[in-house]
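Note that chain A is present in both complexes that follow, paired respectively with chain B and with chain C.
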Partner chain A sequence: MTLRHKSAAAILFFQMLFILPAFALLSLRDGAFEPLTLIAGAVLVLFNLLQYNLLRTAFRHIDRFSLLAAQFLWSLGLVVLYRLSPDYGLKQFAFLLVGTLAMVVAMLLIRKSRDFGRWNWVFMALTLLLLASTLVLGRSTYGARNWIRIGSFSFQPSELAKVLFVIVSAYFLSTRHRLLSFIPYLAFTAVCVLLLVAEKDLGAGLLIALGFLVMFFAATGRVLLTGVGLGVLGAGAWGSYHLFAHVRTRVEVWQDPWSSYQDQGYQIVQGLMALASGGLLGVGLGRGMPGAIPARHTDYIFTVIGEEFGIIVGILTIAFYLVFIVRGILIALHARSVYDAILVFGCTAMLSLQSFIIIGGVIKLIPLTGVTMPFVSYGGTSILASMIQLGIIEGVAEKNGRADEEEVELMGGESL
Partner chain B sequence: MSKALYDTMAFAMRYWFILIIALMLLTLVLVSRREYRERRAVMGEVSRYIGYLEITGGADDVLGERIGIMAENRVGSSHNCDIIISDPSVRKTHALIVKRGGEVLLVPMHNGDTRINNRRATRAHAIFTGDLVQFGDISARVFLKEPAGEEGGAGDDTTA
Partner chain C sequence: MKDVKKFRRNMRISLGLFVALFVMLIVYLGYSVVTYGEKWFATPYNPRVQRAVENVSAGDILDRSGVKLAWTQDGKRSYSGDKTTRLAMSHVVGDIYGKSVGAETIFAKYLYGLDKDLLARFQDARRGREDEGNDITLTADSALSQYIYKNMNGKKGAVVVLNYKTGEVLASVSLPAFDPNTVGTKEPADTALVDRAVMGRYPPGSIMKIVTAAAAIEDDVDLKYTCTGSEIIAGQKVTCVHAHGELTLKEAFAHSCNTYFANLAVKLGGQRLKEKAEAFGFNDKFNFQDMSLYASNFEVSAEDGDVAWAGIGQYNDLITPMHAAMLAGAVANDGVMMQPRLLRDVALGGYSAYNFTPRQYRRVMSASTARVLREYMREVVKSGTGTSAAVKGATMYGKTGTAEFVEKGETKNHSWFVGFIDDDDHPYAISVIFEGAGFGSRYAAPMAAKVMKRAIS
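Let's turn to the complex of A and B:
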């Protein structure tokens, strides 16, 4: 009986074979060889390698495959961002460094997840404070009032509120069993979603509402109640369609972006044309025309990937998200306490819903609501939130691994 | 470097990127699947055991060895046994260790010399963690994972 880790060196090697040629190609883009670009690529390879190995040494049982999937996603994101503007790439890399730190902190904190329940009211208050803060201090970007600017530093509170929402949910769903005792939690969710809709941050509102339903169903298994929740969500969507002009515009644009091609439909049309011009194989890195797409470095980054790398790579990217989801669910199923299980499941659900909402919006499968593509999109708060969620997942994986190791060693086996 | 040359290179590199990303995904899926299966097999094996016997007395080469106890075990020197102790003082089928309800019972067979805490066992006796059992000249310390008779509440919490 021996628990063994399979070698993942091949995956890291392929990662290098992707990043270095991509940056080498970009370094030749402006007609002359640009050594700095190649160095940036080498730094990224080194960062991924170091991060992987240091984390593995410090935490023996982390889930290496989720980490590798996430590493590929942000490497692809960095290639595209560097191609759009080296400035975006460098800033994003700095965010990643901070994010890694946040991830490690989350992994360490999750060891004490038993004590989180005591802080639940603090978490709830903090979530509401973050969400309400944008109503007062907020600044509008692309129609949504979801940014706060302090000096030259700006951040998006709803991203962090998402993570806090998962933590609060995990506490309620793991400790409450009777229907009536869920009322504070239901009220909390409703207030969160309403605040987000009032700020016109529809993407985050939809994300929290859907995340709530998925987590509630996974934790309690109540079909009827989840159905009612789905009905309330549908009624809410219908209501906001009739109440708010900006929701109506979104749906109309989704139905027929071409009729308002010059104004509201512009972004969707540009995205669709970029995807179409890319076709199956893409037009080649650096040869597309992403300049025409609004929000190309954040929400619409998938169209740049689709245009320059082709839709095959786009589908492979979605497959990396799927690997991430499957690993996350396996970790959740394996968790030794209900709280940890719901926490990991919630983080996985949030990240996967987020990628579904934005990719679905970009390809016109569902109405477009602005959220970032986890790990890929440019954005400090977005990367930070995604990394904290990854940290929570890895932290529980580490706990699982340690419990497994103890069980195996008890029976005279070993864990390598 | 001319723009045309860059365009050709970028155009050609598309295939490389698709190939590498596809290979990366494939390796990721295959390696993680293989590790998951192995892990599940090992953990499945581990969870089949309800405890173990640690050999504390007898031939030197088996001292300290841990033998897993399952829900039903035959102890003896025969190869058909679940817990095989090859020693001349141990009968072919020497004893049974079975889990009945919350208890783990040691059932001596065929007048073999079976002792629990140095007292000869003549009928089925419950054994607990820390007990010293002897089969012929071989003695072993008992360890049970979930102590029989204790509430499974803590265990229930942890398996959810």
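Let's turn to the complex of A and C:
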């Protein structure tokens, strides 16, 4: 335990070592020294330290590595966002503060996760309401109708719907056994995916469909049925490829973005050029040219990281998601109730699939469907959703730790 | 939940799946940027290159003997003062507007100093030459190119000369050419901006017989065949210029007998032919560093008639002049095809920052097959269809081609010649095509002889 603690502190230290020089560089960018930028960096460092220590004090058993991986990811995101525009950076920092609050609330609520089942129908209704709301009130950006604007405040309901979907899934998957009793859940999933497809929010649709399949497979162990589900998803993809021009365009652009670099392929081509110009070590913070990349602060932030910090840091970023995934699944394996286990497993699966879908799309491994990069991309709802999921994972980790402690005491030993 | 153990096991399986997905991300990211990064970067649409064009004084482009082909003076890009040189080298050098794909675009990274590492940038900043690019030296010989350009006499087509041992492209001339000085202001004529040498995909006609013969030599197939001037194969009539009579494979190759090779192709089979053609680089996207070489095409159908035509370079066969020269070069180089190269050196503030080492494309046939093919190709020039390609004082090898195509309802012939000379000091391979000119033996072969003679002098 002590050793673990030390290594965690070391990671925290290296994280500081990255943030401060990055902001120092940014403060010198326009030739003149800009003290406010350096202060912003110092505030971020203080925030990370304070958050880490306070959480460690209030919740003794939280998983340090998940938290530190998330801290690295949002710190990298904040550096890049501040570099793109200080305004993005400051707003994102505010989202992060609110997100931390949401995370703590989620951690506290998870103590009473036994009672979530009673609210299941409310959660279901809320999910559908959120998803349907964009059809009525929604605003289109980048071809998808997935935003709602209320006054000067805009948010993306599908981000929160993802979290609710995991909670609803955990209830069904932990309480139902017979196949027939799954029908309401299957219908619910289908409606969610169809609503997202109707809104042309293919990324979120794909995410929920894949997340459902993984959770269903793990919880029920029905390989055949999961295979059928995968087949339905494939057939749906094939069908929409032939039915909808915008899906066809996505696939064609994925195969050859260069032949339509001026219109449909523009974003992918710009992203690839950015990654190529970064090379292994990157051109250096502030020396790149992300100005031409659409959605550089949200979905495409990975290309900015690639250009200025290089492929090596890009790979490191992917590795941090991996840390997150491995720790998440370990916590799920350790959970005392099946419900909690599925909850943590679902959140981990959603976060990892989401990062895979966007990074894979950006580097042209799979067709591009727009979702945000968890913890890194700019966006209030995105950060909020990621932080709630982190809160759920950490909340269960805390519960696991307490249960361990009680068991040790029962056996008459001393708690660690 | 029936079985918690199973649930735990499934979660572990899912973890394995996620880890596999992320490892795939890492591997693909590294692989694609290392393999295609240069291509992705060096396009005129890259805003980084565009910015450099505005702010950086681009370096000089020199030919292999140091002749200046392009340079920057007072912020203006200038090209060779000699108009013939400008036109002859136009596709190799390119233009700064990115309308053609030449060295100006492909090597923008060097020319605008975008390849400089941290140390070089630091040194440049100290010396105050931050906004200066690097000079590059090409493998091409401007004098030879100029000679070729003049002798093509305005006829549409392309000539490629390369060193088959190193892959260095000595000349790559495409007509019609354009003047880089006026690209931005005057729209060049017709298809002048297209580099026919690397983008022109032509039916290969009889030069394809090199590939068919290679497959036959490997499979040890030699038909006992008498050519009567024409034959109907699987319902398709294949004709020769005249009846060749009784032939061996070598004689059929030397005299370019269509009916013999059509029968041979059917006997070898479509799949075997396709396999051999792909070994020679057909259907490959050629991801070469120094040029955007278009893919050559080879396909067959289940019909014997189509296989017969494919085996003699018609049907849907297509080849670029550059690839045709590589093909001849592979025969000369004991079966090893070299990657064509255009960049010889990069000068970074007085010292060389580029280490030219020849790169193999791949071994396309065994050395023994290549040696047999050499004899065949020698016979073509000695006694066959390519006698007009003979060069005094050197041993010339080759293959003529007369590729049929239909333009506006009229059947015309591309005149082809590919070959090489056996000379340790001058290991050169050549390909010549004149669009719609007529027989390969009459137009392309004599041109090849002229160019080779000049190249070794």
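Just so it is clear, the second predicted complex is superposed on the first by the 406 of 416 C-alpha atoms of A that agree within 3 Å, B and C clash if a C-alpha of one lies under 4 Å from a C-alpha of the other, contacts with A are read in each partner's own complex, and residues count from 1 in each chain.
The definition used in the following text is that contacts are C-beta pairs under 8 Å (C-beta built on N, C-alpha and C of every residue); 3 or more make two chains touch, one makes a residue touch a chain.
This one's a predicted model, so the numbers in the text were calculated from it and none came from an experiment.
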Pick one for A:292: touches chain B only (first), chain C only (second), both, or neither. second
Touching A:412, do we find chain B (first), chain C (second), both, or neither? first
Go through the superposed model and pick first if A:22 touches only chain B, second if only chain C, both, or neither. first
For A:282, select first, second, both or neither according to whether it touches chain B, chain C, the two together, or no partner. first
One more residue to check, A:360. First (chain B), second (chain C), both or neither? second
Answer with first, second, both or neither: which of chain B and chain C does A:14 touch in the superposed model? first
Contacts for A:309 in the overlay, against chain B (first) and chain C (second): which applies, first, second, both or neither? first
Who does A:327 touch here: chain B (first), chain C (second), both, or neither? first
Once chain A of both complexes is superposed, is A:192 in touch with chain B (first), chain C (second), both, or neither? neither
On chain A, what residues does chain B touch that chain C touches as well? 284, 319, 338, 341
What residues on chain B touch chain A, complex-wise? 1-3, 6-7, 9-11, 13-18, 20-25, 27-29, 31-32, 34-36, 38-39, 42-43, 45-47, 49, 52, 65-66, 68, 143, 145, 157-160
Over in the complex, which chain A residues touch chain C? Could you list them? 173-174, 177, 214, 217-219, 221, 258, 261-262, 269-270, 272-273, 275-277, 279, 284, 289, 291-292, 311, 314-315, 318-319, 321-322, 325-326, 329, 332-333, 338, 341, 345, 349, 352, 356, 359-360, 363-365
Per the touch rule, the chain C residues reaching chain A in their complex are 1-4, 6-8, 10-15, 17-19, 21-22, 24-26, 28-30, 32-33, 36-41, 43, 45-48, 51, 114, 118
Chain B partner, complex, touching residues on chain A are 1-8, 10-11, 14-15, 17-18, 21-22, 25, 28-29, 31-33, 65, 68-69, 72, 76, 281-287, 309-310, 312-313, 316, 319-320, 323, 327, 330, 336-338, 341, 404, 407-408, 410-413
